[in-house]
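Please go over the structures that come below.
One chain, chain A, links the two complexes that follow: it is found with chain B in the first and with chain C in the second.
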Partner chain A sequence: MPHALQAEFATVLRDPALPLPTSVISHTSRTPQKRFAVYRNNVMVGLIGALESRFPATRRIVGDEFFAAAARVFASTQPPRSPLMMTYGDEFPDFLASFEPAAEIAYLADVAGLEAARTRAYHAADAAPLEPAAFSQIDADRLADLCIVLHPSVEIIRSQFPIVVIWAMNAGDMELGPVADWRGDDALVARPALDVEVRRLPPGAAAFLQSLSADAPLGTAAESAAASDPAFDLAVNLAALFSAGLAISATHRP
Partner chain B sequence: MRIASSLPASAGVGFKPQHFPAIAAVAQPLGFFEVHAENYMGAGGPPHAQLGFLRERYALSFHGVGLSIGSTERIDRAHLARLRILCDRYQPESFSEHLAWSSHGGIFFNDLLPLPYTQATLATIIEHVDEVQAALGRRMLLENPATYVRFAESEISEPAFLAAIAGATGCGLLLDVNNVYVSARNHGAEARVYLDEFPLDLVGEIHLAGHFETVDEAGAPLCIDAHGSPMIDEVLALYESVIGRTGPLPTLIEWDNDVPDWPILLGQAQSAQAVLDRCCARDRAQSAA
Partner chain C sequence: MTTKITKTEIGAAALAGALATALTLVSATASAQTMGGDKAGKEKCYGVSLKGENDCAAGAGTSCAGSSKVDYDGSIWKYVPKGTCETIKTPQGTGSLKPVKS
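Moving on to the complex of A and B:
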């Protein structure tokens, strides 16, 4: 196949306004628009479908028709750059954040961000979490220089909106209803074993975990957590970290 | 280099994660499972846990959908390396890809796009199949595509084109009988004529699937390879005629959209298995006579 013909085929595939490459024919037509449209449709429906299955709660919030229209714009302007379709849509939350027709649903992009993180957690590397018993073996006098490695699936999404409950309601995990306590959420996404878990983090925990992810020792992480929210409670957070299986190693800095 | 396919000559099914609980509950009367290799290129998680489970119990076929062997650009070396790692890890009994292209200019189209069958295209594909086989250290199977348009410059028939690739590279062929039916209807041709020309001795695996039919602007049939319904009787009959000539071959049911509950998919595989069983029974009767 001449390179120029494949390039032209690819361009016309993405732009229905362009005429078909002249060498594309069928036994019934010299310009088989409807047959060529099967390829266009396969590409578009496939990409929209990939986004629909990755962002079910986002879709439920805006409705099927609106979602398909938004997904179509995204797929047209940001087609996949990799054959790994599991990564397709990593940029969809950012796209939604600046997608004018969705502007009045201010929390939409953050809910999509949570769903995108869930897929990454699903495919993240496996690692055995430390047993909660390991927590009791930590030398309490040397807590400050403890280095904790978090599970590779851990992601934190900080939002001004109650995205955990909005997501849960639209993912079918909770009944739809008014959100009683409308405040910002720090959401934790993690997959310590095989199930992807989503939970709301307590005050300061997001800064704490982000600091640990950046390889800060426990003392430094606790300081930045307390700076971000004075209500941060180190003992509670440390216990939760181990009981939730988020730590895969904890070693004292030599 | 390993042979192109060592799948058992029985029916298999394209694995879908939603069927995993049903599949894991009891031993399935299937020879093998096939997966799209690209879905297992993540680092870990349930996909690898499930694939590991299947690996321990069944023969495996890895079916690539992203290598873009028909591309006029270079094969994506990073993707080929991922494929190599996956094949090394799981040692599938077969690896197959398509006579098609799916990437161009840095964009992945997520579809299998058509090629003109010319000497120039042939040379490109041969080079790419050689490269893939060298990188994977194994022979692959190349699948005939479902196509919706033709190219004015095509000068070689599709069966002859595939035979020439296999002849030059040593690869085997994956015969998708539904694609044969779909393409023949789409190009006003006869599936049986296509199959008469097809080098059946090079077939290492068969694919069966459903499609739906509409019409083009001239009112002529337009079949779409949707993999979203049961296979039709005509495709099953074509399959039986192929198996009558080749003897039993590994046979896969593909159902990728509107995926049904497990018993329905298993039922499709059992229809194919019945064809294989009839063929074996005939062979036994003939050798006893």
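Moving on to the complex of A and C:
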């Protein structure tokens, strides 16, 4: 398809109010409008369906009807840029954050952000986590200079809402109920092996992991974590790093 | 001699101590689990992915349901979100979802 035609076709596809592209003809019907409408609807239904399967907890929070309507607005303004439907909706959390009808549910965008991260973690590259034994070989005097590479699937979502519990309740992992501890969560999403895991991070861990993923050596990362939260406990964080399989390599800087 | 005011400096001994503690913690958890050989025996299996984790639903885009021209005007936004949000109770009030507003 020539480029201009393609652009026109794509525009009309997203807006039912626009007239049919002149190039769209039918050999067997004098009214291709109806057929085009079917096609247009299928495209929209497909995109909404992709968002529904990527954001099940978000959908459950607002209800099917609201979700479908919100997804329709998103899909008509932000069509996919890639044919890989599993990546569609990376911008959906941001969209929800500024989506006025959802403003009442302050935590919605962050829960959607967690769900988006889960899909990305699922499709992230595989990498074998480092065995804890590897760390016992390291020269203790040079620990501060140790550079730890995190697993490619690792993502951190910081929220001022208890999104891990809210997500778990709406993803069917936990029963719905009162949230006793209404505090912000730093959520960790990772897929060290086959399953995507979601955890709540201990104090300072978000700063610690973000620092490590920005290539800071262990000493610097620990210091910035302690500065960000006095309750930061390095031993607990290292133990979590090993047991959750978050580190894939640890080397000294040359 | 001037007193150096450092932020939160963590010495080499503290780092080594933390690592030793961490390794002890991990080995304690590992031996508490049953050998952990289970996960290592798994392999990636294609074509059986769970809903929401697969490469889009094959059937979704092929539906002809409601093929009429859809005309959502502003009225749709009279919907109030409904779902499970009101089931989650926050300390700030039952059923209300305007939390963290002190």
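Basically, the second predicted complex is superposed on the first by the 234 of 254 C-alpha atoms of A that agree within 3 Å, B and C clash if a C-alpha of one lies under 4 Å from a C-alpha of the other, contacts with A are read in each partner's own complex, and residues count from 1 in each chain.
Here is the rule we use: a contact is a pair of C-beta atoms (placed from the backbone, for glycine too) under 8 Å apart; a residue touches a chain by one contact, two chains touch by 3 or more.
Computed from a predicted model, the values in this text were never measured in an experiment.
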Chain B versus chain C as contact partner of A:A10, first or second or both or neither: first
Which superposed partner A:P2 touches (first chain B, second chain C, both, neither): first
Chain A residues touched - chain C or chain B, whichever exceeds: C
Chain B versus chain C as contact partner of A:L143, first or second or both or neither: second
Partner chain in contact with A:L84 - chain B first, chain C second, else both or neither: both
First, second, both or neither for A:Y122, with chain B first and chain C second: both
First (chain B), second (chain C), both or neither touched by A:P132: second
First (chain B), second (chain C), both or neither touched by A:S23: first
Doubly contacted residues of chain A, that is, touched by chain B and again by chain C: 38, 42-43, 46, 50, 84-86, 122, 126, 194
Residue ranges of chain A touching chain B (in the complex, touch as defined): 1-3, 5-7, 9-10, 13-14, 22-29, 32-36, 38-39, 42-43, 46-47, 50, 79-86, 121-126, 152-153, 191, 194
Residues of chain B touching chain A in the complex: 38-39, 41-49, 65-68, 70-73, 76, 79, 101-111, 113-116, 118, 120-121, 124, 148-153, 186-188, 216-218, 220, 222, 224
Residue ranges of chain C in contact with chain A within the complex: 7-10, 12, 14-19, 21-23, 25-27, 29-30, 39, 42, 44, 51-57, 60-72, 76-77, 79-85, 87-92, 97-100
Sites on chain A touched by chain C in the complex: 16-17, 37-38, 41-46, 49-50, 53-54, 56, 59-66, 69, 72, 84-86, 88, 100-102, 104-107, 118-119, 122, 126, 132, 135-136, 138, 140-141, 143-144, 160-161, 166, 169-170, 176-180, 182, 193-194, 196, 218-219, 222-223, 226-227, 234-239, 241-243
